[in-house]
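One chain, subunit A, appears in both complexes that follow, with subunit B as partner in the first and subunit C in the second.
Let's turn to the complex of A and B:
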């Protein structure tokens, strides 16, 4: 019994035919894709100032310079580590403070933007768009503007990262909130609890492990962000790295030390947070 | 004491509660029966102000509680405790904290956020748990308790509110017969000993007969029966549930007793 309109005389041949047609279409798609890629690449190369092919052999020049500069002065590296450790701490501090404050703002924003929890249900789109805007603005843009207004230093970096973090975490927190069980909140509503009490006692205990997990992930990201912001004059280890690099040859040992410090820090915090997050997920059971 | 007048709730073109009217002059235990979707839960939720009413009046001791807003409404909610089918406790918090939630309306937000309850409140909470026979579980998380125990925690939370009225929305629908009896006995005792009004939605007729002073039957949002349990004959019950003569109360009864003795009570 066959369901197709013209029953196949030879199922094998039919299948092979279909297979070949599929292969042909697949191959054509691949070819078009490759063609587009190559032509686009050529166009980009033509418009570039330096040119890709001529620049390609020099890609490794900088690492080689750093290596050549730093290798004979390996004995000075621990000294450099000590010199730059305070600015590394500054970078981590910027990240930690802005993660904490940003997360606190995100908690409030996410509650106001979650259906079923919002204090003013009609204002949900307002808070959602607000978070979109906060998240859409890259830290470096905000930091550049703030450095122009407030002058260089860690405070503009902190404000910039906090702003971005509040938007990014707010979105994630709001998704967590949507999965919160509404029954306990209804229970608290029935005793006459106010909005803050309902959120704090009914929602937070349910979502705290997930909040914490996302918060740690954001902390990792913010360490990198605050290191980069140093480049535009926001203090911390990025600023030192920029200085060391602009001294040029002869000072690259300092740059190497900073690279190593940064790399180690990021690895350590990555590992640490994934350990803690793993623990949370297993304990929370979801 | 309580006057409900033309209370109506419509969702779009759908009328869940249709011009409900009745009066209660003294604290009593009232059972509301009717099949699913008859508007029983909607009525209780309107009374507690969890669901806004479309029209009508609900006057308790001279105040139309449907007109209250903001702080006044929340104060009424603290006077009018609610017990839910699914208990609606905060699962990750301990039992005493859940009971203390009954005092939220009286306490400052900041204090409750950091769990700063007065010692006498904590003692009172444990005394209430003791009265309901679950003081041993005081320090456990609510989610670690069985359904019957959780429902008693919910009753303790309601008592902590020191309410004038206790509303119970299918309080025993997710419990086994043994726990159902414990919970209903507790509700009846609260009425007898404290003189609080209790209004319970019930899904079994025998529970309504056994525990209530007055039974209200609802069908499609309207009150179709209002009288004493004795007046609730099988014919009336069939009318409330819209059932034919194959309907038999004992078929779904959850009460624990001699089966033959029960059948003898129901005239066929």
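Let's turn to the complex of A and C:
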């Protein structure tokens, strides 16, 4: 701010005026935001098949149906758990494999897209854009197209999630890479190490804990994604859920078993990954 | 410590590192091998429908025009993708079709030429092979091929199919049909019913009035918006719905999660059981996951954007609640003490002592979720029936309009990248604004 030749004669009035203007702008922003939100909800309500207020009393109808169907057959639940365990395993496998492969691709992409580490510095924007596109691609797009070509099953979901994971983790990894110390790389270069050796021996040991933490978080997200993709036709627990749901009343005990399995899986992996990540932070991983 | 002990311990360390260095990749490799068999990757090659893939790829950059003769009354019609909405009006033919009397000549590419002869006859000149002639005689297909039928021709008593690089020809008792492939997305701007079809942009903007009832600009925009094949207006609405779902879900969740976050933070809520209860609510909301919320809610509210928005809202209330309460536990108490020392009441203390501290963190998380929820809204839309996700699934399920599928995919990508850019820009702007 430049010094004005005539200093304000009444600082207090100026201050109050400034505060009032600030408050006005803040209030206006909030009002516009609230207006957007309310009108948005009204618009969404109009375009919905059933209205919000007419549907609200029925929110619990479906859980009640499921309960009414499942409660008398509660003794069959353990059996259902056993039946659906393989498809749950498939869902977890899809998530795990796509996290592993996606992370491997992301490591390479992120190295190629980080200044100071890139093999071809001029191609950095190319790899950044590529990661942006991969990240922007919703899993369902690739999954549906691949289901058409490859048929239903876990592979389309796996490829779809891998693709997105590679982009999403690639961006996070390249942010981690930017904070890596370049001295070990220079040291390795001075003894004639190639690019792969420099990255493997100079960068990876520095960033591995962070990679691992992001990878775990992604794994958790991917479990949810693979369950959802199952619902649109790729295999796993989502597919079983869809079958049980479209059967309707009479098979809701199976649906209930799947709900419980899915819920428990998500909660367990959620807690597990947050424990491990907490542990990493406290152990002093960068 | 003696030198030998040191040697020993460092050797042990080396051995352990070596072991880990080999064991870790080995475990991953074993797992991948297991999955390779569990997912039946080998069987995949047999199950895959590569012809579907080829159709898909070709359709993304080309379209086909059907020239069809009804063999019962001899009438010939021409339609893009064989759809009524894309049919050529009477008297209008593409330049590669020539009609004279009962004979219609269709010029496929590279010297391939098909002729519809009178009396349900068909003649196809294939360069490098010769002439195939066929006709319906006594309600059965007869050809000049004899016993040597090439593998790109399929022939039975009731049907003849010829597939070459230039196009496809089929002959049955009811109709004779020729597919000609052309590059591009035909009728993307205007269908044949619109007077603006075939006019260039400069024509429309600066040329004479085309439709006497409307000004050129208004008419052109109207006909583009209501293009019956591509339905641009509907697609824009669908994308708006998807963004709306993400917007309402994300910010609605943030607004609900903020007070709940206070209730779950150790330094703002001293009552342990209440804190515990709120936290378990967060865990529950997050654990049930968007998929199940979508199913449950769509039973009550029916399909539409509201259902999707509420599903996102519920899941994210859990996520935000957890994140907010963690952020609140890390606030600096000095600032709150300072505000309290001026005699501020609790609400004022929160407003002036806490909110300014956490706003940048919270906003950046919320905006980050906005982008990721745009993607979720696409998927949820496919399940609950709203937005661009629904259009995409429908286009894929009908399995014929792959150019529309690629159009939607491009639009979705652009939409998500736009949201990414906007949220990143807002994040930088707001957080810097807080610092200043």
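In this section, the second predicted complex is superposed on the first by the 241 of 286 C-alpha atoms of A that agree within 3 Å, B and C clash if a C-alpha of one lies under 4 Å from a C-alpha of the other, contacts with A are read in each partner's own complex, and residues count from 1 in each chain.
Quick note on the criterion: contacts are C-beta pairs under 8 Å (C-beta built on N, C-alpha and C of every residue); 3 or more make two chains touch, one makes a residue touch a chain.
Small disclaimer: the values here were computed from a predicted structure and weren't measured.
> Could you tell me if A:183 is touching subunit B, subunit C, both of them or neither one (first, second, both, neither)?
first
> Once the shared chain is lined up, is A:122 touching subunit B (first), subunit C (second), both, or neither of them?
Touch status of A:122: no partner.
> Does subunit C touch more residues of subunit A than subunit B does, or is it the other way round?
Residues of subunit A touched, subunit B against subunit C: more for C.
> Which partner does A:62 reach: the first (subunit B), the second (subunit C), both, or neither?
second
> Is A:206 contacted by the first partner subunit B, the second partner subunit C, both or neither?
first
> Which partner does A:196 reach: the first (subunit B), the second (subunit C), both, or neither?
After superposition on chain A, A:196 lies in contact with subunit B alone.
> Does subunit B (first) or subunit C (second) touch A:12, or do both, or does neither?
neither
> Residue overlap on subunit A between the subunit B contact set and the subunit C contact set?
Of subunit A, no residue contacts subunit B in one complex and subunit C in the other.
> Give every residue of subunit A touching subunit B within the complex, in rising order.
181, 183-184, 186-194, 196-197, 200-202, 205-206
> Across the complex, what residues on subunit B touch subunit A?
Subunit B reaches subunit A through residues 48, 50, 73-78, 81-82, 84, 86-93, 101-102, 104-105, 109, 112-113, 154, 157, 161.
> Touching residues of subunit A toward subunit C in the complex: what are they?
Listed in rising order, the residues are 33, 36-37, 40-41, 43-45, 47-52, 55-56, 58-59, 61-63, 90, 93, 96-97, 100, 132-133, 135-141, 144-145, 148-151, 153-155, 158, 224, 227-228, 231-232, 238, 241, 245, 259, 262-263, 266-267, 270.
> List the residues on subunit C that touch subunit A in their complex, please.
Spelled out, the residues of subunit C in touch with subunit A are 28, 31-32, 35, 38-41, 44, 47-50, 52-53, 56, 241, 244-245, 247-248, 251-252, 255, 283, 286-292, 295-297, 299-307, 309, 375, 378-379, 382-383, 385-386, 389, 392-393, 396, 399, 405, 409, 412-413, 416-417, 420.
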